[in-house]
Structure formats: C-alpha cells, structure tokens
Amino acid sequence: MKLGIVFGILGCLALAQEHPPMVPPAGPGVFTAKPLGRDTFKLIVAGHVFTSRPEIERYLAYRAARLTVDKGGQWFTLKEDRAAGETAVPVPVRDPAGARYSFRMNYFRPVWRYKLTGAAEWTRWSPFSGAPFPAADPKTMSDFEVSAEIVVRKGPMDDADPLAFEAWAVSDLLVNQVSPPK
Amino acid sequence: MAVMGLPFLDCFLNSKGQAQTGGRPLPTRFGTFFWGCGLTHSLWIPKKAGTDWEMTTQLKPLEPFRKKLNAFSGLRVPLDSKPNGQHWSGLAAASTGIAPARSGEFESKTIDQQVAEVIGKGVRFRSVAASASGDPKQSYSSLGGSNALPAEATPLSLYLRLFGAGFQDPTKGDWKPDPRILLQKSVLSAVAEDRHRVMQNLGAADRARMDQYFTSVRQTELQMEAELQRPTIEAKVAIPEAPSKDILVNNAWPNLEVVTPLMARLGAIALATDQTRVFNLSVSSPQNQMFKPGDPLGFHQSTHEEGVDPKLGYQVRVAQYNLESMQLFAALLKELDAIQEGDGTLLDHSVVMAFTDQSYARIHSVDGLPVLTAGGASGRLKTGYHVAGDNSPVSRVGLTLQKALGVSVDSWGKDSLQVRTPYTDLLA
Amino acid sequence: MLQSTLKVCCVTLLAVAGAEAARWEKGYVVAFYDPAYRFGGRADYSRGTDIEPGVDCPRGSTVHFAVPQQVAQSLSLVRWRSPKEVEELANPPATGLTRDPAGVYFHTWRAASAFRGWNREIETYINPFAAEDPGQPQVTSRIGEGFNLDGKVKPGDFVSPDGEKGIDNQLYRAWGCDAPWRGANGNGTLVLRSNDKMVEGLYTIVVRISGNKDPMNDDEATLEIGYSPDQIVKDARGNVGADYSYRLLHSEQYTKLKARIKDGVVETEQADIHMPQIAWFENQTRDAFFRQGKIRVAPNADGTAAGLVGGYRDFRDLYTQNAFAQSGGVQGVREHEDHVALYYALRRNADGMYNPKTGRYDGISSAYRLKLVPAFVVEPDKPMDIPSRISEARRRQAFDVTAAATIKAVDTLIPQPVPAGSGELTATDGIEIGVGGVPIRGRGGRGARATSSTEEKAKGPSDERR
C-alpha cells in the first residue's frame, strides 16, 4: 500500500505540474461564442498549434459547460453538425446503451476544419463522415477550428438524451485537464 | 538419567469415579468445528424446544446424530462498550466468553486451550488444529491476542504432524520410546536441576521471567514423559496410509467435500490413539469463501449481494451454502461416531462445539448466534436437546461444556458475557 | 394587613405550585433510524430476488457492480483503458476448482473501480469529480416524506403522504434508488445493518419533550435530542425495551429546540440541529448537522411515537459518511452502489447552503425517520463528553484523513493523493490495490484467501475485514 501511496503522490504532483488546476485564460481569438438565438450558441475554438484531437475537443466542451453555467443553465445539448452524406456514424438514439442517468462525453462530437501548412483552403472533417482524423498528418496543420452548436437549458437534465451534458459535472471533470490551444 | 513417571492427574479420572479401563482412564476429548457466516434463522431453528424438536431444513444433515446433538438458539452476544467487529466479535465471544476490543484478537485463551490445560496434558499434542480450506492461519485456537495456533492446512501435513516423525503406533506390539526424546529429556532435566541455584541470584522481574521459562520447561518435560509412555487405547483403529500430496485444498465446495472428511478421519484417529485430546477443525474463514465452480459470488459475497426472496423470506443461495456447512459438520461427526471404544463411540466420549461468527451474515448481526454441540462427554453431558431462545449469553454454552469436561470453573466470560450458571439440566 | 399579605403569599405559592404541577416531560429512545426514502414497490412482490421497481424507481434499484455487463459499461468510461482491458476486467477468469470466483470478481472489480479518473494515478473515491459519472437512477415519484424547509412550492418538490406540498427531500430524489438503502419496511441492507448496530450498542439517541401546559396541546414546549452514553436495552424478545433510563449528554450532538404541540403532534421551530448520524461502523459515528432543521414527533396509540427529522445536510458529510467506513470499492461492489454516481447525484440535487464563492449549493435537503420507544431521559450525574473507543482509533483516523482529503479535493477540484493511514487501498483479505486499479497480493491474515500461497499468507495480519 505504501508503494501505492507514493506512486499516488508522485502521480498527482506530476499532474499538478502538467495540468495547472485552473484553466489559464485563452489568447485572443482562441474561443468565440456567437449567439444564434436566445439560448443557442455557436462555439468555436481556434488555434495554430495542434496538440491532439481529444485535448482540443475537451477544451471546447469545458467552454460549453462554463458558458452554460454563466448563462444560468444547468445543462446543454449539442446540436450535431451533420452535412449531407455524413451518415457513416448513426445518429444516437435515446438511451443508446441502456439506462444512463447521466451524460457521456463520447457523444460530444464537434466538427473540425483545418488548413495544412501552405494551403489556402480550409478542409472540413466531420466525426460522422467515417473518414479517419484527419486525412493528412495533423502535425502539419497551420490552422484549425473546432466548432459546436449548443443549446443552454435549465431544470432537470433529460438524461435519456445522449446529446445532453450536465454543465457543472462537465466543468468539474475537465477543469484540470484542459488549457486553451495556441 | 532417570525416567520420571507422570503424576496421577485428575483428568485421568472419569466423572463417576468408575473403574478405569486397563488401569488408565478412557479420556474425554474436546473438539471445535468452525464455519463462517452462520445459518439462516428460519431454516435452522426448530420451533419446538426440548428433546421433541422437529428436524429443520438446515439441521437435516445432522439427522443421524440427532440424539447426540444439542442445538442452542436465541443466544445473545452482548458487546457492552466493545465494537461489533464484523465477522469477528461473534466467534471470539463464543470461543472466549469475552467480546473483543479489536477485530482479529482474542482477549483470552480460546475454549479449546482452556480445556486442553486440563484434559490435554500427558499426550503428544496439547491440541491440534486443521484447516480444511488450505489456510494455516485459518485457526480459531489461540493462547490469546492476535496469534492463533497454526492449523495444518493439507491432509498430508495433518497426517505428518500426527503420524509422521516421532509417532509410535500404540496399536502395534513393538512400541518403544523414541531414543531422541530420551536424549532431549536428559538435557532438560539437567537445566531444571540448576533452577534453585539460578533463581537465588535473580531479582523479582527476572525471577518471574525464569519462572515462566521453567514452567515451559516443565511443560515440555511432561509432554516428553507422555511420549515415553505407551498410550492406552481402546479403539480398534489402524493408522491409514499417508494422503496424497496432490489433493487440492481450497474453498471450492467439491474440494471441501473431499478434504473435510479426510481431515476429520485423521483427527478422529489421533483422538482415538490418544495422540491428542483436543482437535479443532475449521472449514472456512469467518468471511466464508466457500464457492461452487460457476458461482460468481461464493458464500460470503452472496450473504451481502444476494437479495432476500420476498416470498421465501431468505437468501436462497446463502441457504444452500449454510446447508453445505452443516454437511461438513456432519462429516466430522460421522468420523468420530464411527470409531467404537469402550461402551460407546469416540463421539460419545467427546464433546464438539460447532460455532460461527454471525447470526445474520447479510448485516453482520451477532445476536442469535447459532451454536451446536455433539457428543456426550463420556456421559457427563445430556444430548438430544434444542435449547430454545432463552436469551442467554453465548458464553453459557462454553461454561456448560467446561463443566461437563471437568474443568474447575465457577464462572466464565467477562462483562455481560460473564456467566455463572451453566445449563444445569444438560449436566448429568 | 398581615393576614391579607399571607393570603396573597399563599395564593402566589399555590399558583407556583400549580404551575409546577403542570410541568410535564416525555422521553423516548430511538429504536429505528433510517433515511426517509419512500419505497414505491409492493412488499410482497419480486422478480426473483429483486424487489419491485415501483413508482419510486421504475427501473429498480441500482445494479452497479452486479454483473459483468454493467461493470464493462462503467469501466468503458475510463478513457485510458482499452476495450480489451475493460472486457477482461469485467469478466475475470474464475472458473474451475482452483480459482475462487468470489475473490477474483470482488477484488478485481473493487480495485478497478478505485481508479477511474482521467489519469491512471488518480484514486477515484477521494476524487470522484475526476471520473466520468456512471449515472445514478433517481427517484421519479412525486410523493415523499420530509418538511417544506424553504417555505416554497417548487417544481422538483415532493408532496407528503398526507398531501402537504413543497416537501424538500432531494436526498431521497438523489439516493432513493440506491440498492442498500431501498426496500420495503426498512429492509434495505444498510438500513438493517445500521439499525442492528445501533441496537447492539454502537450509539444511542434519545429525545426529551417537556412543557408546562397540556402535553397534548402546548405552544411553549421544548424538544431535546442528542447522544446518550447508555446502550439501548433490549427486552427478552430482542426488541428495544420500553421505559428504561438513558442519560442525555449536552454534547456536540445535542440540540434543544422550541416546539409546539397540537393534538399530541410535536413540531419544532426551524433551527440548526445536531444529533448522531446514522452509522454502521464506529468511525462513522459523529454529528449529523441539519441546517434549518426541524423535528416532528407523532404519538402512536401504544405509547411509541413516529419521528421525522429534516434539514439541509452538507453533501460532503453525506458522501464521506457513505463511502469511507471501509473503502469506496469494498462497499460499492458489495452493496451494488457506485459512490461516483452517488457523488454526482448529490451535487446535481443540492438545494441548500448556497455558497456564494462557488455559486453552487453545498447542502441537500433531507429527512430521516425515527421510531421512538418510551424511555426515561435523565441528566448525567456530572457533565460528560461522548466516550471514544480507543480500540477504534486507527479506523477513525483512517476515516478522518480520507474524508479530509476528499473535502479538500472537491473544494479545490485538485485531485488529492491517498493520505497515509487511509482505508482506501488498504488490504482487504490480504489484497491491496496498486496504482491503476490493479489488485496485488499484500499482507495475508488469519482467514485470508485460500488461493494465496502459504508463504504469502504468513506475512502478517490483514488490515480490514469485509
């Protein structure tokens, strides 16, 4: 057990160094939240230095949760951004894996667009298209944007909706894991 | 180098002062049987008390021994200010008469050791413990504190302890004292003779320590004396061949079904041949890990996880494990009762106390702890009774058994578990 | 003059004597104490050994760590575990005569459950927020017991069985489907167990009601509740005996409240209440602190009474009380509850003790039932404090350090390591838990697992019993 504790302590110290406990402020233009309606927002996280897909998507999820809290909501739903033909990944049905009574982070699936070094055009990547991420080496990305449209909601969460996310819980879960991209 | 004869000890007398067999008494033996996680109230407690009790589902395996059995229901385990150490307080209270302050510790010698002090002298082993599920630490025989006397954990190790090196078969005509014992004894005697001179030059504390030392020397001497004398036996038994070392010993029910009778037989032969007079057999730890292949939970985990069938009113799988625990107890009794000696069987000349740790394992309850005894203590204990729900402390059973075994004790236990009145109706 | 003065004095004395004669007092000892979770199924209905789902929990009680499929679902939320690893953990090899399936499942699952954070090194039960929520089924029925603590009628409030609206008992909403606490007639495992331990002497609660008017109608009565150092006395049938004497300590677990009595029903003012909390291990015995609390006592015809105590309780107290008597994993696997899910459910339903620093609620409305048996409640001869059991000091310390680490973690959201001496990761049956949720053979003990080798078992005593 002692060994376990030592590992635990060392691990957490390492964690504390790698991930500051509170999320540092984002640089200009990294995060934008554009209102599309009274409770609907288009969120975009943009950057130039690609780290990893989960890391950047988690930062977007964290910002979605914080925005929900700031707007007085308890939960938000993600509106999946499916372009025509992006059906390789099916639309999740209610309670897809049986009773959950909670949210599932793996249903937070934002859409990407990026530019590879030297390219002038944006390339779209959808998690619903079935295409691997991304087609080219992500380390060669010079610009990227990850976006999600969310609806801020109040009251008890619809826990059978796979696209519903509990704001405080998402925020607490991610607060130590995320930092804004550069 | 003189060989000293044993003094004539009380335990050599039988209770009624009757003529002794062959000039030496047929000893009364004591045994314990421990199983974990108790029984199911509604399935083991007979509705009727006295001798006319109806056989119940969970006592059914003991039916052949019903007339030699006593069942005690409704026993209390008052803990006073002690914590309820789950899976511990009940077993410690039953075996010491004291609610323990700490889990895993006994606050006195366990009953088998208290009894062994009286009846266990003059034989090779003061007591022997065996664990049918293969764990040498699975022993509830203790001199007090957190240490238990280690159990023999395989049939082979039990066999070797009892009938291996140093064993002289008393059933054979060529019995003679082991020369190694004679040599050891001479060394000890030389040490003991210096006692007076050594003690004169010591302070009080050191004298106390030396006293303890010489006491243990004396005990060793007594044991050697015993080993230098041919045990007198009445039973017609043959020492069996050594069991295979390949027998699988663990908590699997099919293995317990094989190992328990095997160990019981070895223990019975050891008692019959007067190698020991106290034999302790446990078939599980208090958190009974017995399992059936294919059962994902096993006994203990089922007590916590299995739901109570609302119609039946009990946990079905747990009830089956309870029943099987009683089958294992029956296996021990069968071996003891199979050996004829004198005017009865070895079981008739013994008392076995079967005890457990919980009365309702699902919630770690101890009040209502089931205790069963078997054997008539050479006629000193009446049997065939269901002593029902009289709300006595569990220690009353232990006091009664000690009285039946001739232990000179006025009261037994501590605090609310202290009892002065045995079940006098059971004492012959 | 003298005569009239004497007359006045006599009248005054008589008046005083009359007032003295009207003073009355009733005492009770608590014989049953459980959370006011209203079971919505039928007591005599079952599906096998499962109790009826009922209107309270339409999908039944929790099934955490009950079957491999559920365990696989839960562990699949841990992103550093591969699907293959999850499958192996959910279905540990445990067949044949040589393996003990109970031990393999139990230790594999409790070990894996203790490391579900976003990083392999984070112990989950001390840092529940760092694991994804496995989900707790919540009570869906509208009827619930308790008090209207905030004086409002809100959408999520319950209606009491006798029709009162606005009942605040969000603890029932959050935890009412939790397997060990759910059942008909107080038949949940931990309900039974905690009451068995209370009656066995783990702790005693007494209530004293007094006044100067009519015991059936008194608007200036007093209700006291608190810890008694005297163990509950059972009658010959093993029930809690009536009319025994108990001392009431004026300790940190004592409260005196103003009360009004109408037609025999006592209802106190709303104030902070300190009294013993439910416990089934000594290390859990401590103050249950109800904010804005209230007590109601309704007499029964046989002299007993039904009590209800409610108020807002700190979610951190509730979480640690339930999780750390032994360890989160041991209790979770054994009782089919998941403390991570319970944590999230508490936070989700918290509705009191607003914390302006965080903008969140730290308290949750709650109610507990008390069955009261008549007793003589008396003052101790001399002031005394709640006695402590020295033999339980190590376990108490284990609870305290673990709870402190958890509170620090949830307050700061910085994952905390397992503190030295904590019961988390301690060997059970000689099995310790390594980082990442790996069961490892630790120190054996008497009665330790038979699957271990003799040499391993001979190392020393185990730390904990299940």
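Of note:
Each chain carries a letter (A, B and C) given by its place in the written order, and its residues are counted from 1.
Operating definition for what follows: contacts are C-beta pairs under 8 Å (C-beta built on N, C-alpha and C of every residue); 3 or more make two chains touch, one makes a residue touch a chain.
Everything quoted here is computed from the prediction, not taken from an experiment.
Viewed as a network of touching protein chains, the structure reduces to a simple linear path. Located most centrally within the structure is C, per distance between chain CA means and the overall CA mean.
Averaged C-alpha coordinates put the centre of subunit A at 37 Å from the centre of subunit C.
Computed centre separation for the pair subunit A/subunit B is 66 angstrom, with centres defined by C-alpha atoms.
Look at where the CA atoms of subunit B average out and do the same for subunit C: the two points lie 40 Å apart. Residue ranges on subunit C touching subunit A, taken from their complex, read 59, 73, 77, 79, 118-123, 129-138, 155-156, 341, 344, 347-348, 359-360, 412-420, 425-427, 432-435, 442. Those residues of subunit A that touch subunit C in the complex are listed here as 1, 3-5, 7-12, 14-16, 21, 54, 69, 97-105, 155-157, 159, 166, 168-169, 172-173, 175-177.
Remark: subunit B residues 36, 76, 78-88, 101-104, 133-139, 146, 148, 153, 248-252, 254-255, 284-287, 289, 291, 293-302, 304-311, 315-316, 360, 362-368, 391 touch subunit C in the complex.
In the complex of the two chains, the subunit C residues touching subunit B come out as 43-46, 48-51, 66, 94-98, 100-103, 105-106, 184, 187, 189, 192-193, 196-197, 200-202, 231, 234, 236, 238, 281-282, 334-336, 387, 389, 391-392, 429, 444-451, 454, 457-458, 461-462, 465-466.
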